[in-house]
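One structure coming up, written as structure tokens, with questions to follow.
By letter and in written order, the chains are A, B and C; residue numbering begins at 1 in each of them.
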Amino acid sequence: MLTILFDGIAYGMLLFVLACGLSVTLGLMNFVNLAHGAFAMAGGYITVVLVNRAGVPFFPGLVIAFAITALLGLLLERTLYVHVYSKSHLDQVLFTIGLVFMSVAAVDYVMGSQQVFIQIPSALQGRFELFGIGIGRYRLLIIIVCGILTLGLQLILSGTRFGSRLRASVDDARVARGLGINVNNVFALTFAFGSGLAGLGGALGAEILGLDPTFPLKYMVYFLIVVTVGGTSSITGPFIASLLIGIADVAGKYYVPKFGAFVIYTIMIVLLLLRPQGLFARAAGK
Amino acid sequence: MDPGSIKQVSHHFANRARWSAMEYAFWLAALASIFVCGGYWTEISPLFANRHLILTEIAWLGLFALSLDLILGYAGIISLGHAAFFGLASYIAALLAKHAIITEPVLALVVSGFAAALLGFATSFLVLRGSDLTRLMVTLGVTLIMREIANQIPEITGGADGLQGVVIAPILGLFQFDIFGHVAYVYCLVVLFVLFLLARRIIYSPFGLSLRAVKGNALRSGLIGISVNGRLIAVYTLAAFYAGIAGALLAQTTAFASLDVFSFERSADLLLVLIIGGTGYLYGGLIGAVIFKLMQDWIANLTPQYWQFWIGLVLVLIVLVGRDRIGTATAMIRTSVQRAVSRLPVPALRVAAPPAEGR
Amino acid sequence: MPAALATQSLEKHFGGIAAVNGVSLAIEKGARHALIGPNGAGKTTVINLLTGVLRPSAGRIVLEGEDITALDSHHRVRRGLARTFQINQLFLDLTPLETVGLAISERMGTGWQWWRLAGTKLEVTEEIVDILSRFRLTDVMLERTGNLPYGKQRLLEIALAIACRPRVLLLDEPAAGVPEAERHDILATVAALPSDVTVLLIEHDMDLVFSFADRISVLVNGSLFIEGAPDEVARDPRVKAVYLGESLNA
């Protein structure tokens, strides 16, 4: 059972890295970006190309994937997304769904529709036993990397000036602008960083989640669940939400395989009914 | 009391609801398509080839989009989960036929519709509160749950392969479905027309007016005595019924049901259909269905595997150009055509000028 | 005889702040009662509590002897309590005709009828025309509300509340934002309200308050400060101090 807990935590932390960019985007610009999963997919496929075909080692490959996806995010944000900020939520939904469709079809065209795998270094393969818990080496890596990322994010948010500017902008963009904070730049950088993280998550997660052109559609729901349940006013909310979902999903699929998938959706609906603004959102909204 | 004013008021309401020339034209064209597009006159010209198969798809897709318009265009609820009702009724209609529980198609249609309405009613409370995003999530969640249920009981639903072996009995015991799709098309068209008439009546009723108020300002509606939640539940259930009928039509005309009735792509495509045609005037779903299906057909012929890319591109472009600009453009086209037609020297077409404000 | 509208120790807390603190009001039937106070005193919050837009943290609201604290907004309207908003809350895409018609048909119980064409019930139509002419909106009744000038919209805001035939009417700064030229219409309308309708008026315009009200309550920082007849309140030095921000001990 502890193995399941371990696997669930790994899954949850991976979800968090994937989804936290979306959470901040939504909280910051009130923008519903359903195409977030496409960045994750991009990161995954970039790593595939780098590691499998170009012979780049695994860890540098991850870093490069992060960088390229972040740049991609920055580019798209400045050219396309910026035109859609002021539009209604319905328009944003339509726009990002359109982007998802385009990216899914494009990747299918370029890379083919079968599932792809990244060649993981042999040191990360297999499992070992620790106090009776089966520890997968790769999953351990995920927990460590994601844990470091989470701590880093928290430090940036609370300890740096950029972090305070970001928090101010999330809280009240109008007032933040009035204070001289360049909210547009804050957002561009945050969007790029969030997309980069998604790309990194996609690369890390290829082994566990399975990478194929339908990735954005398959996992979009999970990201959205993390964001809606966890709220958008902090990263603690999505973090805990991700862990809950990760553990619930893994445990559900193991203990009640017939209904495993329901557990997630039902939890989400119940939670949203009880607290429509998310578990951790502040009471007074925009 | 000024009798002149009272008359003015009554005329105003009567004119609002009057059938315009364009509406007559639309349904006459639909009626004509039964004969003109049936492949009966291919010796005269290949233009008259049998298009009833695609027209049948347009018919139930139009009905599906109409059902979404009821909640999106008239009540302001954004839903990504309308496919839940569509899919449920689809499976039920197929199962009723396959296991000969209800063999007469019209009866099975109505029963499936009511099943969808029941699901709609049961889930309506989910969309009463919460932001747009919450509603999106919750409606999407319901559809995904339905899909999982269908996936997990393959003994009943056929699972990923779909429900095979469905045989549809003749409509009313008289009209057997034929391989050319003639009976199917007339069936769908009649159902669409009847339900359209009903929707039209509802929209122009006091209830319909209160829906527009709720959409425009829910807070104020409550404070003039309108039960906002009651209205939303009612229209959501009605929309679920319509979506269910559309799904049952799909199952009955194809004698098949599969998991992709619940897919996210279906909900997304539906939004696109309605957006193309425009929300809030009842014909948006129908016109959007025509345009979407023709576009899809054309693109699929060019690139069968990647047509999703072009659909995505259309969505992106529509949003970037601006729905309201597209809406204003089409509205302008509509009113100018309407005026031109009403000037024709045909007395039957000379109806009251098109209403200036909301329909 | 029970008061038309009364509150008992009404409270509303937002986080740690008490926007409304132990407010107990009693408004007699047919009264012309004004609620005044500096900005941020909590007057609109009181109205929101009375009409069900907000739920109280504590206390009760009693309408003509009946406890309505737990009722939803639309039920309170049906019991005879209506309000206007400080910032117009109208249906911008509907016409004044449709707007007023909605309120009337809802009151008559025909709002749910889905099979009938709207606007075909003669009693409703007659009443619509009557109200619109009383508020001088007949000439614009077929225009889209969003296109109307602000003064007309304000008149419609009040007409809409009147269309509910309330027994208690809450007016939240009816003359707010109305240009000088059109104020007269608003003031005349408020003065011409039927005498059996109980009116609670929130206003900053002191001329309007003192000419209209027969009783005034002063709300400061969420609590009722002073209550009494207009001349009592006008003479009380503490009221001036509160508005000018001087210390109460001065």
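Keep in mind that, in the parts below, a residue touches a chain if its C-beta (ideal position, glycine included) is under 8 Å from a C-beta of that chain, and two chains touch if they have at least 3 such contacts.
Predicted model only: the values in this text are computed from it and were never measured.
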{"item": "Nearest-to-centre chain - CA centroid comparison", "value": "B"}
{"item": "Farthest chain relative to subunit B (centres taken as mean CA coordinates)", "value": "C"}
{"item": "Subunit B and subunit C: spacing of chain centres that average the CA atoms, whole Å", "value": "42"}
{"item": "Chain centre separation in whole Å, for subunit C relative to subunit A (CA means)", "value": "49"}
{"item": "Separation of mean Cα positions, subunit B and subunit A [Å, integer]", "value": "35"}
{"item": "Contacts with two or more other chains, residues of subunit A listed in rising order", "value": "none"}
{"item": "Subunit B residues touching subunit A - in the complex, by the definition given at the top", "value": "72, 78, 80, 126, 129-134, 136-138, 140-142, 144-145, 148-149, 152, 264-265, 268, 271-272, 275, 305-309, 311-316, 318-320, 322-323"}
{"item": "Subunit A residues touching subunit B - in the complex, by the definition given at the top", "value": "26, 32, 80, 83-84, 87, 89-95, 97-106, 108-109, 217, 220-221, 224-225, 228, 258-259, 261-262, 265-266, 268-269, 272-273, 276-277, 285"}
{"item": "Residue ranges of subunit C in contact with subunit B within the complex", "value": "51-53, 72-74, 77-78, 82-83, 85, 89-95, 97-99, 101-103, 105-107, 110-120, 122, 125-126, 128-130, 132-133, 138, 141-142, 144, 160-161, 163-164"}
{"item": "Contact footprint of subunit C on subunit B as seen in their complex", "value": "1-2, 5-6, 8-10, 12-14, 16-17, 201-202, 204-210, 212-213, 216-217, 219-220, 222-228, 357-358"}
